[in-house]
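Next come two complexes built around chain A: one with chain B, the other with chain C.
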Partner chain A sequence: MSALAQQWSESLRSATHPQVLPWLDALRLRAVEQLTKHGLPHRKDEDWKYTPLRVLEQLGPAVATGVRVENLTPAPEPELPAALIDSADCVIRIHDGALAGTEGGDQPGVSVLSLSEGLEQHESLLRKHIESVDINGSAQAFASLNTASLDQGLVIHVKEQADAGTVLLRWTLSGTADPSIHNFRVFLLLGEGSRMQLVEQYESADHGGSALNVVSHFDLAREAVVDHLLLQNESENTILMSSTYIEQAQGSRYNYSGFDLGGGLVRHELKTVMAGSGAHAAFGGAFVLDNSRHVDNHISVEHAGTACSSDQFFRGVLGGRSRGVFNGKALIRPGADKSSVRQSNANLLLSPLAQIDTKPELEIYADEVEASHGATVGQLDETAIFYLRSRGLSETEAKRLLVGAFCRSVTDRLENQELAGRIAELIDQAMPSYESRGQVL
Partner chain B sequence: MSNQQNPVDSTSTQASPADAPSVGSATANSSTVDHFVQQKYKHGFVTDIESETVPPGLDEDIVRWISARKEEPQWLLDWRLEAFQRWLKMSPPDWAHLKIDPVDFQAISYFSAPKSDEDRPKSLDEVDPKLLETYEKLGVPLHERAKLAGVVAVDVVFDSVSVGTTFRKELKKAGVIFCSFSEAVHDYPDLVKKYLGTVVPSRDNFFAALNSAVFSDGSFVFIPKGVRCPMELSTYFRINAAETGQFERTLIIAEEDAHVSYLEGCTAPMRDENQLHAAVVELVVMDDASIKYSTVQNWYPGDENGVGGIYNFVTKRGDCRGDRSRISWTQVETGSAITWKYPSCILRGDSSVGEFYSVALTNNYQQADTGTKMIHIGPNTRSKIISKGISAGRGQNAYRGLVRIAKGAENARNYTQCDSMLIGKNCGAHTFPYIEVSNPTAKLEHEATTSRIGEDQLFYCLQRGMSEEDAVSLIVDGFCKQVFRELPMEFAVEAKALLEVSLEGAVG
Partner chain C sequence: MMLEIKNLHATVGGKAILKGLDLTIEAGEIHAIMGPNGAGKSTLGNVISGREGYEVTQGEVLFNGNNLLELEPEERACEGIFLAFQYPVEIPGVNNTYFLRAALNAQRKYRGEPELDSMQFLKLVREKLEILHISDDLLRRSVNEGFSGGEKKRNEIFQMAVLEPSLAILDETDSGLDIDALRLVARGVNRLRSEDRAMIVITHYQRLLDHIVPDRVHVLADGKIVASGDADLALKLEEQGYAWLDRGGIQSLDIDLKA
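Entry: the complex of A and B
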């Protein structure tokens, strides 16, 4: 594993980048040094103890940098409702870690830019975000790698009071005999009182076992509102590492809903800092897994301002030999009074070989707070199955219905009912291979 | 509490906010708080008894010296030396949520015994009166206790060597062995050899390795097959000589269908230097047997500026080897500058049960990182965790608990509840639960709340004519009730009083 980090470092050391900025060059070099020095995360890193990275060994030694030739393979049929695609105000395709096309995004007050353009127009703001990412130590290896190779990215800037509508990011990876790791950086800069609904779809037509390492920054000015929906339905040999850093000013609202129905090794790190008072952050999600899939959700919420509220709500359904990880952390800084924190993680284990590791953490340094968390692990209720069977449903139908209902508590939190219904269908489709005590569900 | 839970019902997975005391906004009563927070440690004094103490420092010779001094057999010396070699290669754990000044292990003296050890008193009457006086000051009148109609036997550990043991004969009649660890090494070497280090191996962790190398004394309890111990067993641990580390080793074995309740309590005199305490407790429980282990820990927590105080780095673990065996840990932790302690249960036997009830309080600059581990290995195993953390002053209180359900643990069941109460603006309450499940038939529930004392509860009590201190005491007592209920009666009284002393008025 450390050999791979060395190879990546080696390939990055001699790389050339389209953007020539002294501070960025220095930072890239420092990130390469960190990666060389510390290597990749290992089990002894507290944040990685449940996510082994052996599967990375399928990746090649090179990390792509510089200007990419756009050779877009046909995109897969969208799994999202046609209505949503049609109504999307902006569709952006990112293929193999490079911008591959933008449609729309021309509403007043909204600008969609490449990283190079973004650095020209908003250098100081982007620099602040880029430099804020912790790249020290092995636990931060993917942040180091992303920073070390930083030259591909997307910047969406929304002026104050503007509404960016629905922005759809479609991530694809090409099928290649030589899988490698691709890096990409996203910046979403939202002015005061602006709004955006961001939909991310991760699904590729054909796969060669490549990896995607995405770092995103959300900058929410006062009263800005972001709805962030992520739908991941990748194949079993796909590796996805995503790190999302959110900064929230006073009265802003960030609402995340993540659905992981596929992927081989998937890790989402979401970190929000609510510096302003009265901000709200919600993280909802469901992971429905079969085979040997591994999905890890690491949520960290920091309450620094007063009267902020946060909610973490995750449901896991695990079949086959799959493994799910939930690590939800809430940190309440001294003085962050009138904070309210809720964490909830419930899991269904449907197979004797599936595994769940959950760790809902609270770290509280203020006394005027209300915090609660709950976590459960169980299986489908035999009496509920019996009841449904007595009503004429087959065992399989009964189980599907119950699993659907279990995940429904997450989809119900979506405002867009049509989308919620479509995702519920996808969850249902993701279920068939589940086993329960030797029986196929 | 219903043990059945339908995982489909999402609402039942969340701790209801209604469970938590509601949050108000006023910050009244801070002067009363300050008054109480500044309460001095009552038990701070030093008894002037000559001690035989080895010079500070640790090397192989010290380990040999301790072993020779205690006239131990070769196998035990070898075991100590092996542990020492392991310890040399280890480094102190750094994962806990604690700020610990580096401990200079070469500045500590690893053995201290009252000098009058050669002619050990045969009865309590022969015990050094100064020593008895010490216990008198502590509010633990041995005579009174002894006279308490034979309810409790006391094995006194003063510094590192047992000085007096009561009720030994009565216990012997029942077939129960209750003696100091050194005596057990001489009198029951086969038993000690058979069980020592089988629950907490010397390689387990840094402090367990250190303890294995230099342990001074402790208690040994053996309850033979089918015996219900006729009385509750109790030991008072105490640290006295300055700059002396104390390394207790306790081993309790309950054979088939044997039952025992063991009580452990501690207070320590005031000291300026940080004192290290690294004890190891091992419990072994066979078929149908049970051990109930209760602790009230009130070691010197350091002064109001965080100077001094005991470092309490303890490894406690019980092994439910038999079917239908049961281990219950109850702890009330109010003392020590730093507490690092995770009494654990390894649930190996079919239908074995592990329980953990804890109240941990940190005031001033105290820090605690405490909790439990429930390792479910056998089928139909059950565990229950009730943890109550109270933080006041600048105290930092962390619950860290692991519940692991191994592949073979069919129908395992766990319920965890950890609640934290914050008293004051500068303290911290943290929760780090680890839940690892590899068996689909397991049912686990974890819930936790963190909040401060409810203004409305306080207001209600005051409005009924209670003084503020009484009101706070009542609310805190109610908060901890679930745990106190598990303590033997006389301990419950002591624990409640302790909590009041440690916390008096720390509320605003």
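Entry: the complex of A and C
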């Protein structure tokens, strides 16, 4: 494994970057050193126990480096799957880890910037976030890699009380004979009382194997509200590593809903720190997988301020030889009294070879805390399947209905009805092939 | 002949339940199946509708002359067989209307008929609701979720009205119903009586048969039909119970047996 990390380190050492800032140059070098020294995550890293990286090793992508033009003007649309939402106020395309065009985003108080522009206008804020990312040790290898190659990114700045409306980020990858791992950084800086609905769509036209390593920062000032929806519907030869760091001030609200219906090897790490009081963070999601897909959701919620609430709500449906991981942590710091924390993860295994690892973790060091957590693993109810079949539905159709109903508890939580409907349709289409009576087809 | 069951033997979990059952039903007829607990009444309904876990070890079941036993449950439904469940299943998250339209369209497709769009379907459904005096609130809810016992049974009859089967099996549709709910359900069933439709009414009690008057009544005991008669047989059973089965069989029962 570390052979791949060494290979990346070598190309990163000689890479040149468009932004010339002494602190950033120094940090990139330190990240390369970390990567060289510790290599990639391995089984002994507790946080990576259930997500082996064999698939990444087999693909052996080169790290994409070199000065690329940051393109913020509308680019001609290549063949793309349908946009998840038609009514977005701003659409930003990121292709192979580089900005590939934006449309809209010109509301008052909203600015959409490339990383270079962002560093010119908000250097200290960006620097604070960049330097806050832990790049020490093998478990942090993807953060190190992203930092070591940090030169491509997007910054969206929303002034206090402004409404950025709906921002759609479309992530696409092209296939080449030589697979690459692309790195990209996103900053969403939300001023006091501002709002944004961010929709991320990871869905490419058919392509060969490639990998994407994204790090995102959400900075929510007091009373800021972010609805964040992510759809990942990639082909099986796609590897996606995404790490999201959220900082929440008093009274802010962050709502995440993640839907993984495809991909080969996918990991989402989401970490929020609620430093202010009365903040709220919700992490909902569903993964519906077949074949040998692997999706890992790692959520970490830290209650530091008083009277904050958090909710984790994931549903997994696994067919074929697919594997799902849910690791939800909640840490209630001393003094974070009157916190409320909920965790729920329920899973359906549709095949004897599918696998789920679910691990809710609660650490409470404060008083007057309301906490609940639960995890279940089960199968579809045979009586319900027979009931539906006895009315004329085929076995496959009956299972499709039941799986759709199982995931509806997640889509029902979406406020945006257009998105809820689209996601429910996509879940319907993603329905894993079923292996009945213990046989694998 | 619509349904012909000949020498049917079936096991559940390796245990013999049906032990040589014979039954023939013509279109337009209503047959009541009565009998003590554990006689195999519900097993008969489940075997006809193709439930997994019910293994036929001997005999045959012909439906309109075709071998029913080789068909999947959904194929049997598409051929016109409907089982009203003794315990209708609650399916949270699956909308009643969506489910029923999917089922009806699956059946229409099987028969080579055009599928109904949502407007056409809604029109059909509203007609049926009116006939059965059921509130359209039912359409917006998840299948049987949070329904009372009576609502569940009425939903079964409503599904039957929409799917228009040629053979309906009502498995203890009266169980758990108070007398008003029983009347409502029976009235619904009677509205669905027709010359081309047969029904098998499985029940413990004669009271349902006051409302749904059968053409034939059969007593099922220990996996076989041991007595058959007209509607009067049910009255006699109500009076005399099933103790005669232990006393030495049908001869000890004070009834006239009609072949």
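The rule we apply is simple: the second predicted complex is superposed on the first by the 411 of 441 C-alpha atoms of A that agree within 3 Å, B and C clash if a C-alpha of one lies under 4 Å from a C-alpha of the other, contacts with A are read in each partner's own complex, and residues count from 1 in each chain.
What we mean here is this: a contact is a pair of C-beta atoms (placed from the backbone, for glycine too) under 8 Å apart; a residue touches a chain by one contact, two chains touch by 3 or more.
As the structure is a prediction and not an experimental result, all values here were calculated from the model.
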Query raised in the report: What is the contact status of A:370 with respect to chain B (first) and chain C (second): first, second, both, or neither?
Result: first
Query raised in the report: Is the number of chain A residues in contact higher for chain B or for chain C?
Result: B
Query raised in the report: Looking at the overlay, what does A:18 touch: chain B (first), chain C (second), both, or neither?
Result: neither
Query raised in the report: If you stack the two complexes on chain A, which partner ends up touching A:394: first (chain B), second (chain C), both, or neither?
Result: second
Query raised in the report: So, does A:405 touch the first partner chain B, the second partner chain C, both, or neither?
Result: both
Requested in this report: Go through the superposed model and pick first if A:386 touches only chain B, second if only chain C, both, or neither.
Outcome: second
**Report entry** Which of chain B and chain C A:61 touches, first, second, both or neither
**Finding:** neither
Query raised in the report: Once the complexes are superposed, what residues of chain A are shared between the chain B interface and the chain C interface?
Result: 381, 384, 402, 405-406, 409
**Report entry** Contact set on chain B toward chain A in their complex
**Finding:** 5-8, 10, 12-17, 19-20, 22-25, 95, 97, 405, 407, 420, 422-452
Query - Sites on chain A touched by chain C in the complex - result: 381-384, 386-395, 397, 401-402, 404-406, 408-409
Query - Interfacial residue positions of chain A with respect to chain B in the complex - result: 46, 50, 315, 334-335, 338, 341-342, 344-352, 354-381, 384, 402, 405-406, 409, 436-437
Report summary line: Per the touch rule, the chain C residues reaching chain A in their complex are 49-52, 72-74, 76-78, 82-83, 85, 88-89, 91-94, 99-100, 102-104, 106-107, 110, 142, 159, 163
